[in-house]
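These are the structures in question, set out in turn.
Shared between the two complexes below is chain A, which pairs with chain B and chain C, respectively.
And now, the complex of A and B:
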């Protein structure tokens, strides 16, 4: 088994087999359940209201996935350091990429589980509405680079700060800033600053794409630019994580 | 007597202008497409077909025709923004020759339940008033988009399963 797989297996095992990891997943499901139950009382939604609900659930899932990635990423290097297991890891015959990608393997599993967990909820709230299949596909397509990007970013901070708390706070502040489009509707982001922020923010790119596909039924060709923004975010954060772990090695 | 004569004259003038109004240069017909569902519900697609004809002997310039949808539910009467219902909201013609007619299809997706009235209106550059088609009234049946019997099992079942799994895992470790 390759070193990347070994590290990824350990990381994902901590999430899926430990009581703590399962408790996180339980918390995620409770949030999605509360969100869904709030809708039960309102049976007079129009088709677009329903699409709005699916869009809202998609945004929430992406935010929860990013939150989980930030928590896991912040612990990835600094946690090892605080537990005294970083030195053996750095002394092992592994390249920086092996460590980063192995650690991220656990995050890929975390996102995969979050995504799978969200599917029944998306089906429950959206199967009588419109564009459910597109919602599921676009959540995977744009949600994944955004969420994993946050994981890489938190991992990089974790390596640079050497402190879980400092990395977690910084990553959470960044997440809150970038995820603000979830709270501020498009109408509130029409200023010049808002437009620039929307154009470069990967989270905006993802939620705008969800809006465009699920509510406005717009085609893939209109989402390519937004998809590119999320990919650039992923590549930049991967570079940041690798560089930061390299510095930590030194 | 003079007053009555004046009154009659005024009435004739009004009737005359009404007749002129009725003899529009443009004429619009509107029918529901035969393929429309007999009992439409939310999510269905409907189509209306109108024929706009220039009845006059001169060309009509700058013709614009558009569709309007009005909600007619008692207490909720209001014109609707068609943005979400249809991408095909208007047609324009720079000129329509005498006797020329154009057939326009107006597709729409039914977004919300209720009673509705659809009408096509048109104007041309040289006529100072609007021309409208006959109305078509229709009812859209409600389709439940959030069903409690679908959400409840998921909203309760998923956390329940995960909670049991977590407890089992914690007890096993202990």
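And now, the complex of A and C:
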């Protein structure tokens, strides 16, 4: 097994076996259960249509996935440093690249677990509608680069600051800023600033894409620009994480 | 040569941390790295293990450059850092298995059991490391450092948090390794007793500089820092002549204060005195030896 996959295996083990990781997954399930229950009730009462409900669940899953990625990313370097487990890792015959890529691998697994965990909820709210398959596919296609990007960004901050708290606060503020399209009203989003923000914001790109595919049933060709924005976000954060690790000389 | 450090200097953010460290170590030696807090011991270890790059000077470990060939060096050395962190959710056998796989080694359950037994760590299979005491974590850290059968073992405060029995057991493990001949041990510690019992070579750092380096017995002899004892005699000795190398410092009633020198072993001196008809009721160590040498050198530097 390559060093990268060994580190990734440890990272995934931490999510699936440690008390902290399991608590996160339990919290994720509880939030999605409550949300799904409320949204299904709304659909039953005809307060919301099915596509609207599926769109809201997709946005929430992406936000929760990004939140988990930020928590894991902030802990990735600084947490190990604070607990004293980073030095033994650096003293093993591994390159810094192996360690960082392994930790990124752990983020991929964490997103995979979040995605799989959310599928039953997506099915529960969307099985009676028309675009469930598209919802599942687009959540994977656009949710993944957005979520992983947040994880890599937090990992970079973790290396730069060397403090879990500082990295977590900075990453959470960024997440809240970029995820604001979920919170802002349509009026603000239609303003000039809102439009520019929407055009460059990876979170907006993903959420707008979910909207147009699930609610407006638009084809893939209409989503390429948005997909590109999320990919650029992923590449930029990947570069930022690797650069930060290099600067921090871990 | 296991370690060759010459004129090592390190400047961090405009501040000189190391200002001329020299250290040399051969196979089979146990070398103690001593110095007051902030002398640069841990920084020297971080340069030695390739975690930091020297500003100037030469640092060779197993004949390889410490920074540019660090991955190859890490494959052949074992390190117990001062803060020996683990993944608290893992059990000790799982952790050792996982860590060994980073070296490309596959450990069986019997192998992990052997590694744990070697450092005297008796744990239940599924007990998470998070429940271990400090001493148990220290032992696990040592087991981790020994996983790859290293040629050089670098230990930063290895007996920290261990009870006297635990310290003695770790000493025995280290002495056993050293007696096998091809493992060198670099010990960075504040506990002079550890150095006294284990090391045949020392280096003392002060304010980022090596102020003394060499064979412990030779240094003690050269710098006349023998070992002092206070003996309670039940009756005046028949033969008051002292064995060679032993010096009477003072005599107060039934208490005789002796300096037994650096080379003789205390046991041999007591045997010689008993043979001369000395009726010894009590023996108390009074410092001297390494402690005196250490204080003398570091105080001299402070005064200078």
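Note that in this section the second predicted complex is superposed on the first by the 235 of 250 C-alpha atoms of A that agree within 3 Å, B and C clash if a C-alpha of one lies under 4 Å from a C-alpha of the other, contacts with A are read in each partner's own complex, and residues count from 1 in each chain.
Assume a contact is a pair of C-beta atoms (placed from the backbone, for glycine too) under 8 Å apart; a residue touches a chain by one contact, two chains touch by 3 or more.
The shown structure was predicted, so the numbers you read here are calculated from the model rather than taken from an experiment.
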May I ask you to name which of chain B and chain C touches more residues of chain A?
B
Touching A:18 in the superposition: chain B (first), chain C (second), both, neither?
both
First (chain B), second (chain C), both or neither: which does A:247 touch?
neither
Under the stated touch criterion, which partner chain does A:37 make contact with: chain B (first), chain C (second), both, or neither?
first
What is the contact status of A:129 with respect to chain B (first) and chain C (second): first, second, both, or neither?
first
First, second, both or neither for A:6, with chain B first and chain C second:
second
Applying the touch criterion given at the start, work out whether A:83 contacts chain B, chain C, both or neither, answering first, second, both or neither.
second
The intersection of the chain A residues contacting chain B with those contacting chain C is 17-19
Can you tell me which positions in chain C touch chain A when the two form their complex?
49, 51-52, 71-72, 74-75, 79, 81, 83-90, 98-99, 101-103, 141, 144
In the complex of these two chains, what residues of chain A are touching chain B?
17-19, 22-23, 25-26, 29-30, 32-34, 36-37, 39-40, 42-50, 53, 117, 120-121, 123-125, 127-130
With touch defined as at the start, can you tell me which chain B residues reach chain A in the complex?
42-43, 84, 109-113, 142-148, 150-152, 154-156, 158-159, 162-163, 165-166, 169-170, 173
Residues of chain A defined as touching chain C within the complex
1, 3, 6, 9-10, 13-14, 17-20, 80, 83-88, 90-95, 249
